[in-house]
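Down below are the structures I want you to see.
You will see two complexes here that share chain A, one where it goes with chain B and one where it goes with chain C.
Coming up: the complex of A and B.
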């Protein structure tokens, strides 16, 4: 069937906006990453790969941010996935209570990250925070501390906040995946005398692999890109212990006006994210599941 | 069995307690919060924080800004994305696939990556401190995922429907408005909710492009609150409640659609 040429007009408005505010800045980032531009003056010089060399060899804060990103990401991916999966298995049946609980667990997802940041800043507050209060109530005073002010644990405190924020969303994806598994398979397993654990291992687990892939990949990207929570709760402190790549780009660009250098870090960040996303796409394509 | 129920209860409490504390704190004074962060306020709820916030005038303005930015961003993104998705679906050749690739490439690039050049572009175009500027960057930032979701959906529509309307003499535009759009309503509404949540809650772009109070949106205003009231949690939480109210009310009534919308965004993102 022949399609009339007017179809091209359908792309025009979207393409114009997208090219101007997305494609152009993306290529500019690449371009400026080879310069010493300060973002303010007209003039800049090409410095070759100096910015990149600096990031990997001369910038201890940047190297620290990569470590922090990894700590944050691994904690969130492991625990969020486990929590989401465990609870999805419990609330899988569509009873009234379960539907209500799923809606409740999902609730934090709709809040703004700034709101979540405030709520958790209050929970962690050293003097009037709920967490320390509760620990005192149950006689675990010795655990009470400045959760966001302690450089050794602040990044994990943030990870817990992130999990509270998004675990419900992943739980729902698991529930959808679990509900897609045909009931008959469990009946067959039962007839063959499989225990609950055996049924989980040989039926649930392999058939759940597609949703698990999606959850893990999505959580990885989401936690790697996290910016708002860190920005609003710790601003990267104390002592750079919660500085992650995204907040560091912001600092380098808008606090110390090194746009060229910030662009190089952006490009490195982009490559990492693109790699993860590519793997996610591959996983999605090969599994061909949809919800 | 008991253990399962107990775990469900604990998780529910972990979600509920912080939210109840937020509500309670907003009707307490700062002194009461200091003295007993978890307790009820002495002598009844006090709505002074709410009154104070609204007397500080600007809250209504922030609210209006958020509403304008969100409504325009959501509706325009939907329209443009639906057009692109329709185009890709209709063409169904290497050009269409290529354009699909170009658009969805945007999903791989987080906003923080382009914020530096985008900032100087917005300055050059005179689009900082303007709601129009926010709307334009919002559209281009969520266009990729919207195109991705909508194309996926439109490709599942039977081709015969489009062909039949061609035989009836419909042009592309007519086919778009009379066939593609009505049939895509489920995925359009899911995408709309996803976009609605994204844009209403967005912090980064207002943070980068808005410094003038007249153009601030709610999340940015809240962040400024934090600076102003540092640890005045009653005041901060009053702001949180006001800023979240529309989303929470919508969620209570349209729960199913919210879940469908946000998880569609997650799975396809």
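Coming up: the complex of A and C.
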């Protein structure tokens, strides 16, 4: 089939917008990553790879942010996936109660991140917060914590908030995946005498793998790019224990006015995310299952 | 021109790569509105909106050719984004600036209009506006005079027969008495503004040299030297002895204020700017200010901390500078400033202000009778060094050894020294 050359004109508006609002700014950020631009004045100097060298050898906070990002990401990916899957298995049948439950589980997703941050900061407050009060009421005083003030657990407290906020979205993906599994396969499994666990292991899980991979891929990227909850709930504290790459870029760019250096961290950040995305998509392709 | 294009796209590019930055509120504010010229007044005091609305209404009545729109941002966001908004010139014809790092970066970017020759400068107390000057040029005029040291429940002290301590030993005795009476001595909002406020009075006599942070930035001083390690040890003592509440690092300012308003705690480790809010929570409180003296009485140089802040300025990129100056002129009239002071509970730097509220009258003696020093934190002009200093306090309150915390912070200072 011969395609008319005129069809390329249809790509032009998209190409122009993409170039203008993504490619050109991205390349200019790359350009500034080799400068000492302060973000305000017109003057700047080229500093070669100094910014990159500084990030990896002379900036202990940046190195700490990578560790914090990994802790946050791993916690969110593992538990958000499990929570979303568990909820999806609970609400898969189309009963009125389950439709209500689906809406209930999805509800946090529609809130603004700043509202969620305020709600959870209040929940976590060590003296007035609901969480510690509930733990004390049910006799679990020993679990009461300084959730956002303890440098050892603050990042995990933020991860819990992130999971609560976004698990509903992942639930929808799992529900869609579960609904696509033919009912006949379960009937066959039943006839073969398979238990519920065996049916899950042999039918549900393999056929749900593509959905699970999408959930894991999306959650990984989303949690790596997290910014708003952390910014609003802890601002990176205490003692930089919740400082992640995105909040650190913000601090360096907009509080310290080192846009050149912030650009270099942004480029490193972009490379890390691109790498994760590539690996995830590679895994996605290898996980395809067919019967 | 080419350079400007790169600058603009660079900013956009960084924004894209960040992918997740705080949004801006407010809008294009400097437009013509009918026959009147509309100017934007950009600041961070959301709690002052109502009184400023009244003042602006009066100003507009007296100046029918000028309209003023308030663009208010939370102080954290303001610290981080004001410079960027000023760059474009459509917001913040009149704007406010913090002293210290923000003043320095705005000045070096050239966004301050020179106000030196303006008549209204003489409406301000000359001794309190030097923080808005650089190289003998008056770039900004501090409007508020705040005391960044603990607010205490004077009525409670009187009831318990406590006097304001004049030494570290007396401070601990006073705190012990409060604890014996089941009262937390200090409510410390460690989750937000606590460290950056309380560090000032905790270090003021440990490092009476007002150049100490300038020396830290140029390498002459170190956080591992005695003045800062002692300050961290003093913080540790407050935590270890229970002089500040458990879980202080998880407590925000609202919770800490509630502790003082409910009389669970005797002192609030923030500043005079919270007195009005405390009185609105509990009008029966009788409040005053005190700073911990962390040395022996004979060694004490300072009694408290002052900050001339909320610095009024005109955006050099504005096209409505005359109207902007007219508004600052109006704000600096004694009767207008008195209205602002009394309705917001703030002391001001404007001459001839009449303080009517009891709280302001009772604490006015701090302006000229007490030996206070300018807030040390604002003398740190590098934001990352400031973060390192504050983090070392958080680190100690989180259980770290003071020297180890000082060493960790010093490493960051060295990484960021210019």
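FYI, the second predicted complex is superposed on the first by the 256 of 291 C-alpha atoms of A that agree within 3 Å, B and C clash if a C-alpha of one lies under 4 Å from a C-alpha of the other, contacts with A are read in each partner's own complex, and residues count from 1 in each chain.
As a working rule, a residue touches a chain if its C-beta (ideal position, glycine included) is under 8 Å from a C-beta of that chain, and two chains touch if they have at least 3 such contacts.
Just so it is clear, the model here is predicted, and its values are computed rather than measured.
Asks: Is A:253 in contact with chain B, with chain C, with both, or with neither (first, second, both, neither)?
Replies: Once the two structures are laid over each other on A, A:253 reaches both partners.
Asks: Determine, under the contact definition given at the top, whether A:74 touches first (chain B), second (chain C), both, or neither.
Replies: After superposing on A, A:74 lies clear of both chain B and chain C.
Asks: Which of the two partners, first being chain B and second being chain C, lies in contact with A:41: first, second, both, or neither?
Replies: A:41: touches chain C, not chain B.
Asks: Looking at the overlay, what does A:239 touch: chain B (first), chain C (second), both, or neither?
Replies: A:239: touches chain C, not chain B.
Asks: Check the contacts made with chain A and report whether chain B or chain C touches more of its residues.
Replies: Looking at chain A, the partner in contact with more of its residues is B.
Asks: Contact-wise, after the overlay, does A:143 reach chain B, chain C, both or neither (first, second, both, neither)?
Replies: Neither chain B nor chain C is touched by A:143.
Asks: Which of the two partners, first being chain B and second being chain C, lies in contact with A:60: first, second, both, or neither?
Replies: Touch status of A:60: second partner only.
Asks: After superposition on the shared chain, which partner residues are touched by A:49: those of chain B (first), chain C (second), both, or neither?
Replies: It touches nothing on chain B or chain C.
Asks: Which holds for A:82: it touches chain B only (first), chain C only (second), both, or neither?
Replies: Touch partners of A:82: none, neither chain B nor chain C.
Asks: Looking at A:228 after the superposition, I want to know if it touches chain B, chain C, both of them or none. Which is it: first, second, both, neither?
Replies: Both partners, chain B and chain C.
Asks: By the touch definition above, which chain A residues appear in both interfaces, chain B in one complex and chain C in the other?
Replies: Overlap of chain B and chain C footprints on chain A: residues 21-22, 24-26, 28-29, 32, 39, 125, 127-128, 225, 227-228, 231, 246, 249-250, 253-254, 259, 262-263, 266-267, 269-270.
Asks: Looking at the complex, which residues from chain C come into contact with chain A?
Replies: Touch residues, chain C against chain A: 3-4, 6-7, 9-22, 76, 79-81, 83-84, 87, 101, 105, 108-111, 190-192, 245-252, 255, 258-259, 382-384, 387, 391-392, 394-395, 397-398, 400, 411-412, 415-416.
Asks: Where on chain B does chain A make contact in their complex?
Replies: My answer: residues 4, 7-8, 11-12, 14-19, 21-22, 25, 33-34, 37-38, 80-81, 83-84, 86-87, 90-91, 99, 102-103, 106-110, 112-121, 136-137, 139-141, 143-144, 147, 152, 163, 166, 171-173, 176, 197, 200-201, 203-204, 207-208, 218-219, 222-223, 226, 231, 233, 236-237, 240, 243-244, 247-248, 251, 255, 258-259, 262-264, 266-267, 269.
Asks: Help me check something: in the complex, which residues belonging to chain A touch chain B?
Replies: So the residues of chain A touching chain B come out as 1, 3-4, 6-11, 13-15, 17-18, 20-26, 28-29, 32, 39, 83, 86-87, 90-91, 101-115, 118-120, 122-123, 125, 127-130, 133, 164, 168-170, 172-173, 176, 214, 218, 221, 225, 227-228, 231-232, 245-246, 249-250, 253-254, 259, 262-263, 266-267, 269-270, 273-274, 277-278, 290-291.
Asks: Hey, which residues of chain A end up touching chain C in the complex?
Replies: 21-22, 24-32, 37-42, 54, 58-61, 121, 124-128, 146-151, 225-228, 231, 234-235, 237-240, 246, 249-257, 259, 262-263, 266-267, 269-270
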